[in-house]
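Shared chain: chain A. Partners: chain B in the first complex, chain C in the second.
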Partner chain A sequence: MEVTISTAELLTTDGIPLKQSLRKAERRNKLRAFLLVFPLLLFIIVTFVMPIGDMLLRSVDDSQINSVFPNTFEEYKNWDKGADELPPEEVYKSLFFELANGDKRQIGKALTRMNYAKSGWKSLIKKTSREIKKIVKKGEEPVSYKDTFIKINKFWGDPTYWYSFNQMVNDRSSIYYWNALDRTFDEDGDVVLQDEKRRMYIKTWLRTFKVSVYVTIFCLILGFPVAHLLANLPLRYSNLLMIFVLLPFWTSLLVRTTAWIVMLQQNGVINGILVWLGVISDDGRIQMVYNEAGTLIAMTQILLPFMILPLYSVMRVIPKSHMRAAQNLGAKPAMAFWRVYLPQTIPGISAGGLLVFVLAIGYFITPELVGGKDGKLIGSWIAYHLKTTLNWGLCAALGGILLGIMLIFYWLYNKIVGIDNIKLG
Partner chain B sequence: MNDTSQSFVKFEKIDKSYDGEVLVVKNLNLDIAKGEFVTMLGPSGSGKTTTLMMLAGFETPTNGEIFLDTKPISKIPPYEREIGMVFQNYALFPHMTVAENLSFPLEVRKISKPDIKEKVQKALDMVELGNFGTRFPAQLSGGQQQRVALARALVFEPRLVLMDEPLGALDKNLREQMQYEIKHIHDRIGITVVYVTHDQSEALTMSNRIAVFNDGVVQQLSTPDILYEKPENSFVAKFIGENNTLNGVVREVNGSSCTVELDGGFGMVKALKINVNEVGEKTQLSIRPERVSIDKTTSDSNNFSGKIEELIYLGDHIRARLDVCGNNEFIVKVPNEGSFNHKEGDELKLSWNSEDVRALDL
Partner chain C sequence: MALPSYASPVQRTYYYFYLFFCTVVFFFLIAPLFAIIPISFSVSPFMVFTEGMLAWPPDPEAWSIRWYKNMIGDCSADVVSSTVPCSTKWMVGTVNSFYIGIIATVIATALGTLAALGLSRPHMPYKGLIMAILISPMIVPLIITAAGMFFFYARINLVYTFTGVILAHVALATPFVVITVTATLVGFDMNMVKAAQSLGAKPMRTFFKVIMPLILPGIISGALFAFITSFDEVVIVMFMASIDQLTIPKQMWAGIRQEISPVILCMATCLVLLSIFLLTTVELLRRRSEKLRGIKAR
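Up next is the complex of A and B:
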């Protein structure tokens, strides 16, 4: 009898290749698992991935204006700024016809975009448009389009208006990102700092960082003992304490924020008590709200549960015997805490820290309400441009940077702590 | 050994209560000599772990004093007691490697780096885990973790080692193997060990002496053989080993022996008088299964008969459950010598020596 051993491929008893058979057997399960998550997947794609993708595209998109003034921009690129003070005649001519024949709504949209590049464009073009239409109606053909333009409004002879075209002449533009970092393009298309009075984003970014870091640290300092207590108290006390931790969670964010205004304002509860106790005089009431301090206090309180809960979930499973064992081995309680307990809470600290930081960096309502002028965070600018100036490109760029920062932090965190170490519950 | 001047660990009139209403440990007096292996054995809730925790310094005695090496230690915090301890679930620090776990007690004692390295290696070699220093506890099997915990409790050369049910989480084979290993390590380095368990075979295997706890009181403190062969009360008789009981009333007392009339009119039994004092007292008779003879008669007139209720074949012996004098849980172990040919339902002749029957409290 001869025995053949196949080294190439394992077969099942029926002679089908083992891998193929396994795949077939697992296919049903895989399909079922996929069908179970499919609604959620669809939901996430429609409500999360697509809008974010759309916003990120908007942050670099400049195609609308390019579809309104294609010829003008094409001619504009031929302008040698070193040789001529103003653009060549062809540019004026193209603009003349594109304004005369263009779709009114599209031009309106483009004007808004032009106004971001330089304020004043909107009214200049509107006035010019009217005049151009009169000229076209009369059936005259201007001898010099340039002179006609300058005759309509002297600003057409001002090269700074023309320079601002620089940031719009391409379908894709990085200008919004530079704007979000207080930078713009000069006449040669190089990146330069904005005028001093227009620089506000870098300052806000730095403040956003500072506030987020402080809030994270305060949350850790306040949350750690609470989480420890929660994890170690007998059940009936810890349940009560847990309700105290979660109660603010269940209260509306607006209610909590306005409650802080009531507490902290100059005629508020805390100032009232301090005056009544004689700690401060009636004139010396402390300004605790509508500034950065107000933002810090309110955000710390609101984000505290996000620190306590992951910490608690980690601390709960650290056996009590570990502290005992450390002391039994000769470590004083402080040493036992530092060497044995604290290292084991790192997954909780990092999870809570990351959670609080990421939430804080994009926080909007609370800083908006209690922050006043110098407690506003970057979220406020995003909302401002989204609702008031309708500069969605800048909005998207600010959001894109925020997203980028979070991804960088996530990456750093994964490098340093390891993402499998995270423990949320 | 009971001489106070010689005892290394001494519990003196220890009471312990957690809530001020229930005493968990009542009037505990216990002396442990240097180098001894003493086991506290008892069911859960009997106060044995509490006693151990008081010795380790994690619980304070409500009354009384514990002496270690003739010095009172109630006021000394646990980290200054120099007592090693093996915890129930080992309490190995999961974020440290095995070697770091072992170095920890040496580092906090500010021992020099080279010395630490040497001692750690020696301790690991002792438990035969010399090459496992760089692993993390989670990468070890239960038995290996157990050995690391043991090595860590010994590495800083404590005056005394406490073990709180250290083998409870292991499977049966490993548990037996570890029992011998712990016993051998104890024999080799001669350290004093106080061991807590609820497993009587573990206690019998390892200990020099065993303190049987029940209800916060030490019921009997003795060597394993005396505890098994001469239990002083019915709790110890029942808790250690297998035990047949017959209830009755003392009818006659004659020096160290007595005669007991069994309840239900099954006759009279001659027994050793252990825990009864006078005629008319109720008593529980205790007979070990292996001391009951089949098909023989004794001159002590302790001759009875029983109906076989159940036969269980166990290889080296046959375990017979009989109905004897109204007790249908009466166990007899029949050695498998090939001559036993009774069936369930048969009547057996039983007999035992009066020295093997102990009249205990009820």
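Up next is the complex of A and C:
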């Protein structure tokens, strides 16, 4: 029998080539799937991604002050700092008119910005503005604007004030990021360290890392045996014990933090037990809260479930026969554990470790409440600038750096574990 | 897990040490939550175990429910203490928390379930990228989210409004719905959808009659996760809510920060009970869902 294979294109009953028809169906399916996701995607982009993007833009934005003093800044850039001690006459003249004619509210905002660069600007300009208005009212035209300024206040003859303009003269500037790392611009616009008393962020960044590393290590030490026990018990017992892990996970963060304050405070539960046991005397009660120790203890307990759950899910599937086989072949239990069991738990250790570390560096509530003075993390500075100083540029820059660090670690997490493998409960 | 009979004394020691260590960790995890419950029934305005409470036989004078009365806004003479303010704030906060939480949950569950259905289809384009964007609110630290949203919502006059807080909470809660429902859909037999459609059911009917009953446990778990996320959320409300949008966490924050008040412990006790209830519900739902989908218990 002879078989003929038609080389002609396959057609559907409508006469459309099959390939084309399939592709069309495929496209329709893709579109349908996408349409289901679209409402949420749009929602998240508008309510979440755009705000974060807006914050990142704000961290490099210095346009407000530039719109208030455009001419002054333009002239300022022409100042040859090597040749003259003070800026040229034109700078003083531009500033004179921009202060005299500027919108009062905008100037007020700009003053706040100037105070971030150097404290003292606000009162200096306010005072000067008043005098300038008087001069303008009288209709006099000063012979020398420079001398007029210096006569109003001797600080106008102090070049360090003028040098701080370097931090503000650009519409888009990286100054907030440098500030967030305790750096600033000097008179030549080079990056230098801040004054001793204004350096606080590097210290906090380092503490944030230190606390996060410690919390991760503590969680691993405490979580590993527990996950091992849960994974190896018969299911009916482990399900029961799992409640101990899941209940804190489901309980409000504030409740857990409050509970730790109650436990750790000077007349709290733990000190009470220690006194009762006679370990410490009644006036020798240990200060365990409102310091770094408090932050460490509370954060370890709060983040421990995030370590136990990934470890548990990895250990659950490690066959028990492996350890027995290793010991059968002559390995001591410790050796069998080290060479056979531990390597198989590495995925769980890295998943749990990364998760705990990433959550810890962004923590705010617990350190703020139990951290006292020396236990606060970088999140507290972000909140402080957002709510108290209103230095939103610096706030956004601190947030931007933190976000960058998080993204690096999540990229790692994604490489090792896969973000869509996140499970709850 | 029991020790084999041939274990050496050293192994025995290790084993008992290991069990002891695990017990200590379990205790560490759970003890703080339960320590606050008896203290919330103390007469004293300080958050401590008083001598009367520890005495044997128990001293009825040392125990009372005065702080619970204070919490529900009963400011009669036997309740009020000079150091503890009494107001209806806790009840106002409870009402607001439920109001915000329920609306946010409904929106988040609807949007999240739809998205999870789309993401579980084999034809979904750019799945990885879209998933990453959708669950990013869960990943980004809350303080960064709060800062970003505060700047952005201030521009469109949504700061200090219920709408703003609810929108923010929906954004934070949807990842939990997406993850839970997607996980339920993993074992879902797509042939059932085909069967329904070949029997003439329209997509809507297929969803409500075939898909929904099967994934309902997952949807409810997701909704509960969404609710607790909104209900416990404090950072966003701290910045985006005014006194009109006072919620339980905001009031608790104020309580811990300014007026160390024993009423916090009463509310904390209620919240622990709520979390026990939610945890039990989710656990039962998970088992039911596995049964429905024919997955054997591990």
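Definition applied: the second predicted complex is superposed on the first by the 372 of 425 C-alpha atoms of A that agree within 3 Å, B and C clash if a C-alpha of one lies under 4 Å from a C-alpha of the other, contacts with A are read in each partner's own complex, and residues count from 1 in each chain.
We take it that contacts are C-beta pairs under 8 Å (C-beta built on N, C-alpha and C of every residue); 3 or more make two chains touch, one makes a residue touch a chain.
Keep in mind that this is a model prediction, so the values were computed, not measured.
> After lining up the shared chain so the two structures overlap, which partner does A:P343 touch, if you call chain B first and chain C second: first, second, both or neither?
So A:P343 only meets chain B here.
> Have a look at where A:S321 lands relative to chain B and chain C in the superposition and call it first, second, both or neither.
Once the two structures are laid over each other on A, A:S321 reaches chain B alone.
> Of the two partners chain B and chain C, indicate the one touching more residues belonging to chain A.
Of chain B and chain C, the partner in contact with more residues of chain A is C.
> Let me test your reading of the model: by the given contact rule, A:V213 touches which partner, first (chain B), second (chain C), both or neither?
After superposition on chain A, A:V213 lies in contact with neither partner.
> Is A:V136 touching the first partner chain B, the second partner chain C, both, or neither of them?
Neither chain B nor chain C is touched by A:V136.
> Touch check for A:L86: first (chain B), second (chain C), both, or neither?
In the superposed model, A:L86 contacts neither chain B nor chain C.
> After superposition on the shared chain, which partner residues are touched by A:L329: those of chain B (first), chain C (second), both, or neither?
Only chain B; A:L329 stays clear of chain C.
> Return first, second, both or neither, reflecting whether A:L274 touches chain B, chain C, both chains, or no partner chain.
The answer is neither, since A:L274 touches no partner chain.
> Which chain A residues come up in both lists, the one for chain B and the one for chain C?
333
> How about chain C: which of its residues touch chain A in the complex?
It comes out as residues 1, 11, 14, 18-19, 21-22, 25-26, 28-33, 35-36, 39, 46-49, 111-112, 114-115, 117-119, 121, 123-125, 128, 130-137, 139-153, 155, 167-168, 170-171, 174, 176, 178-180, 182-183, 221, 225, 228, 231-232, 234-235, 238-239, 249, 252-253, 256-257, 264-265, 268, 271-272, 275-276, 278-279, 282-283, 286, 297-298.
> Quick check: in the complex, which residue numbers of chain A touch chain B?
Residue positions touching the partner: 319, 321-322, 324-333, 335-336, 339-340, 343-344, 346.
> Using the touch definition up top, name the residues of chain B that touch chain A in the complex.
Interface residues on the chain B side: 56-58, 77-85, 87-89, 91, 93-95, 104-105, 108-109, 152, 156.
> Touching chain C in the complex: which residues of chain A?
Going by the criterion above, the answer is residues 26, 29-30, 32-41, 43-45, 47-55, 58, 222-223, 225-226, 229, 232-235, 241, 243-248, 250-263, 265, 267-269, 272, 301, 304-305, 316, 333, 358, 361-365, 369, 379, 382-383, 386-387, 392, 395-396, 399, 402-403, 406, 410, 414, 419-420, 422-425.
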